[in-house]
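Below, chain A partners chain B and then partners chain C, in two separate complexes.
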Partner chain A sequence: MTTGESTQIRTYPTALAFCITSFFWMGVATFMGLLGATFLIAPDLANNVSWLFFGRVRPVHVNMVLFGFVTPGLLATAFYYLPKVLDTELYSEKLGVTTVLLWNVVLVAAVGSLLAGHSQGREYAELVWPVDIGIVIVFLMVFVNMIMTVKHRREPILYVSVWYACAAVVLTSVTFSLGNVIWKPDTGALTGIPDAILLWFYGHNIFGLLLTPLSAGVAYYVIPRVVKSPLYSHTLSLLGFWSLIVIYTHIGTHHLLQVPVPTWLKVISIVDSVAMVIPVMAFLINIWYTAKGKLGAIHEDIGAKFVFTGTIMYFFVSIQGSMMALPVVQRITHFNNWVVAHAHIGVLGFAGMIALGGMYYILPRVSGKPLYSRLLADLQYWMVLIGMIGFTVVLTIVGLIQGNAWYNGETVYRVLPELQYYYVTRAMLGLLIFSSAVIGLYNGVRTLLSKPGEAVS
Partner chain B sequence: MYFPYFITYIVVGLAITLAVFFWALKNGQFRDQQRARYLPLQGDSDTTSPPPSSPFSRIEIYGLFLLAVAGLGASAAVLIFAVIHGGR
Partner chain C sequence: MKMTPAAVIIGSLLLLAAIVLVVVYVPWATRHDAPSEIFRSRSDLEAEGRLIYIANGCVYCHSQSIRTIDWGHGAERIAQAGDYVSDQPILLGSQRTGPDLSQEGGEHPDDWHIAHFINPRYTRPNSIMPEVAFLGEDKLQALTAYIQSLGMTDADQRMQRQIYWKKAATDAYEAGPDENVKWLSENIPQGWRDLPNPYPTTDAGLARGHLIYQQFCIGCHGPVGDGMGPAQPWLYPPPLNFTILKNREISGGILYYQIMNGITGTAMPYFKRELESEKIWDVGNYVAVYFIDDSDANAEPHGIDAAYEPGDVNR
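And then the complex of A and B:
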């Protein structure tokens, strides 16, 4: 299949700028995670340094993983594939680059304000109002660029990746505004249980309606490209997309099954959490059948290797998520490190892996230079994989110890010594992942600084 | 009172979703699904070969690798120490 732009060499400054942003902030985010994990085994590590307390470091880690590393990484690939599958140019590279610059300003403001102690104290929604507004603005800028690119397309049919990318940006703009209660600048919160409901509506959707659709969009583009085969079924992919939109929006309340929220809301969240099997399996069956018999090609391409591994992690995290929404399971697994393990499979194992894969796939193409070192990329792959699986195992064990102890009425101080070894292991794995981020940054920077290779296009 | 927010969100969300869905239906987004399967393959031909062996000095690679191994080794040592002596 040919198009009019086949002989034209494109440049992708927006995609490239998002790539650099993601590689850099992955280092910051994972360092903060490592620091937080270290505090759990050495609480006095930064004694008297107020801006390095656990309570400040942890939100920086979470927010930078979300808005610094994973989202820009996924957007980098989105800004690469959107013009291609729409058979047009990006609406405005200037707007795109400006967005990235402003995005980084917002990230710096987020880190600075959180470390300075300016927090709204709501998990995943800690950022203060001016930073919230900054995030909404950059998402709107991304949306304008995407939707105008869609408007000026030459390809009449919207490929499923386009649906996912646009939906992610639109839904996040709304979800973020609502979840951060931006109409109340002083507190960024309602009061009491209604605030908890709103917060977890946001808290789950910021992953499910931002990272999930962006990741799916990247996988739907990279895997067919690498295996050089058409998508197994575009109809199935659209079924997955629309069912995700319908189902995912209501499941946040499954974080609140053990608190006094209305029962009907709990029932909806549980039913829809289980029903998530539909969009998840629609996506996975599609991707895996597209790659069927061509795993060699995926192994050859480091980007596809990351992406494909991310899809496997998606399977695990989704099945686990559906099960965790069941009250009988949640009695043991909630409010402890089991959930932290689950979050790491989802954000690092699924979305983070796909973000890295997308960036490794596009980096030679947007820079026009060959990847600096496949060896380093492979090293990063294994370090992330081992680190993430290690997290899962260790934190799952910790979660089960904590959950079982709580369930049986054990006092906290008797349980803590049992967790010490696992927390040490967790910190070790954090070092592994931080090291992998440094290697990735180094590889990315050296790729950009290397001599121009053969133009990819 | 959280109901107003949720009702607003649900109504607005549903309206946007339905509007987009019917736009898609009317504009033939659900037709020609066979051609849609090939969309990611269109565009410039992918002439990129798998990344060649790294152009940079092998010494740098070995240096980085040693650093990574040293870091991991130190971590492993901490872990072993904690396992052996941590309970005392």
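And then the complex of A and C:
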């Protein structure tokens, strides 16, 4: 790292507020997931209550994971590292804290509207127009704060984490507005096949232009800090950043390979899904070589431990993803729980792990108090890890059963009993993950309520 | 390369703009929005039902996208771009927790759907679909109208067939058990009516039949075969009471044919997609033995026995 950081003790109310937001909504989001998993084994448990209908609970789960837990968690760390690596203060903590408050209002509105049955019915773009606008506004507020901080920097060179954070926020404001067809408030959709193409361009970029770059930014900050070495390669940073933006953004059609969309578009998406190894490996090699020989330091720091595990999951989810974009593979894996397994490796194993890692890394630093319990943090680490790997195993099995049975001509109904026990296991793993969220929240709150100790930084 | 703020922000925005142009705008600008040969627009009621479908997230469990490799509902008609030209939003879906619904219209008569929405386990005992009764009668009507429109003009044809035979079945049912059973049997090809069940009754076969009955039939025909399963209040004509079939010349062939083919116009679905031949014989014989109390299993003529059948080696 090239920055000379000033040693005076600062406070970071924005980062802290994002931390609390993320810890809290992780609890809500994973609870909703657990609820959905339970309904798949005991459908009558919802007892005819409209807002407990599976089709309403599921989008709450997904949206709260994305916009309640992971994104705020990653932004928390960004709001900590930006002033550090730019050697300045955050442009406006007041603006930052206002952003977080508004962010939470938007989240509450999102949950309420979805449960009440106000949905636009497009995956990752369900939220109704006023909530969409709220999301765009908070993203723009974050962006203003970031770019003004960059402007007032004392460190001339922009560290790679800064590129990722700024690009993620500004690009997502754009793709979110496009993907939610924000100029059509009533339906929030185009018509016919172009709607599917636009939706998956956007849906894919929620992972590619929001979660991935924000996570990369955190990893690029935390890992070199903890192992106390400079980043392995500036060239790889450049390659990883630009190739991510060029390649990840245009392969969304791999979600539509079995749909009548133009063939040329499918070909591009398949070929460049394989080319995704370039940005993925550029980033991973850079991080892993930086940490080479220093895994002890990573193991010691709970934040870095989460983050480093997240990078390993990024490797797995991406290699798997490239495979899943091949039509022969997708014949079996599409439309079933294989994809759900993939989604959890990506969003929980990679982005979620890194969000948690970043927060554990900054929590003592932004609150000026030592972490309440390292033991509980380790416990959460193992619970998330076991839960997530358990999900992967169980849901991949379910997906293979479904995919192969259908391919051989079995009807969906006939296959249901074969899935029951896996769904039960899945719900139990969900309970594990939800419990880990509760533990994390408890640990965070206890840290904040403890008596002021020595600032760690 | 020097990464200035302008390089990061403007550079990535320009790249994004170029990519949107190629992978979103060009497909949009070159789209073919000619309707396909089965296309028709939706009625007001159907459109209202579609909004209910969207509001309740049916799309998370049901796709509307038939692929070349599919076998189930709608496999006769692979999806075309022209099927979706009025869909805003398009509801392709990404999970098949339940079956694809592209061609669901007319698969069942309306009363089957209402019973199914009240509680899916009434018509489909193993279902994991949640109940939708909370919507109330009016919304369920609209939702059903939408579901029955899926498949557009293909669905309309199936619906016409359902409506035609619904009337015949209702008339027969209202004319009393004698007439009803006569009507049911007379629509079956003669060859099937003359055919006894060629396989002997065995304990294993009855056990299999019992299991299948519980997984597929019990919600309508009821645990004791009297047609009083939980779906009964919503179905008309109601599920058949098997106990009235005694001494009415119900052959194994009749039972097999009805289970395989279903009775279009009534809630009785066809099972030829879900049950292989042995399973249909087994559940039919289970019904015959336990509920009708009269089975022609293994009666003459039955041809050369299948290899595993018990009994005389010379048969």
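Just so we're on the same page, the second predicted complex is superposed on the first by the 450 of 457 C-alpha atoms of A that agree within 3 Å, B and C clash if a C-alpha of one lies under 4 Å from a C-alpha of the other, contacts with A are read in each partner's own complex, and residues count from 1 in each chain.
One rule holds in what follows: a contact is a pair of C-beta atoms (placed from the backbone, for glycine too) under 8 Å apart; a residue touches a chain by one contact, two chains touch by 3 or more.
Note that this is a predicted model, so its numbers are computed, not measured.
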Superposition on chain A - do chain B and chain C clash or fit: clash
Contacts of A:Q258 with chain B and chain C, given as first, second, both or neither: second
First (chain B), second (chain C), both or neither touched by A:L449: neither
Partner chain in contact with A:L190 - chain B first, chain C second, else both or neither: both
Partner chain in contact with A:L178 - chain B first, chain C second, else both or neither: both
Contacts of A:V267 with chain B and chain C, given as first, second, both or neither: neither
Partner chain in contact with A:I245 - chain B first, chain C second, else both or neither: both
Contacts of A:L198 with chain B and chain C, given as first, second, both or neither: both
First (chain B), second (chain C), both or neither touched by A:V49: second
First, second, both or neither for A:L101, with chain B first and chain C second: neither
Part of chain C, among the options 3-11, 39-47, 201-209 or 255-263, whose backbone runs into chain B after overlay: 3-11
Common interface residues of chain A - those touching chain B in one complex and chain C in the other: 157-158, 160, 170, 174, 178, 190, 193-194, 197-198, 201, 238, 242, 245-246, 249, 417
Of all residues in chain A, those that touch chain C in their complex: 39-41, 43-44, 46, 48-50, 53-56, 58-59, 117-123, 147, 150-151, 157-158, 160, 162-163, 166-167, 170-171, 174-175, 178, 187-199, 201, 209, 238, 242, 245-246, 249-250, 252-253, 255-256, 258-262, 265, 268, 331, 335-337, 339-340, 402, 406-407, 409-414, 416-417, 423
Residue ranges of chain B touching chain A (in the complex, touch as defined): 1-2, 5-6, 9, 12-13, 16-17, 21, 24, 27-30, 32-48, 50-56, 61, 64-65, 68, 71-72, 75-76, 78-79, 82-83, 86-87
In the complex, chain C residues that touch chain A: 1, 3-5, 8-9, 12-13, 15-16, 19-20, 22-24, 27-28, 30-31, 33, 53-61, 63, 65, 67-72, 79-81, 84-99, 119-121, 124, 126-135, 215, 273-274
Touch list for chain A against partner chain B, complex: 1-3, 5-6, 8, 10, 81, 84-85, 87, 155-161, 170, 174, 178, 190, 193-194, 197-198, 201, 220-221, 224-225, 228-235, 238, 242, 245-246, 249, 300-302, 364-365, 370-377, 379, 383, 417, 420-421, 424-425, 427-428, 431-432, 435, 439, 442, 446, 450-451, 454, 456-457
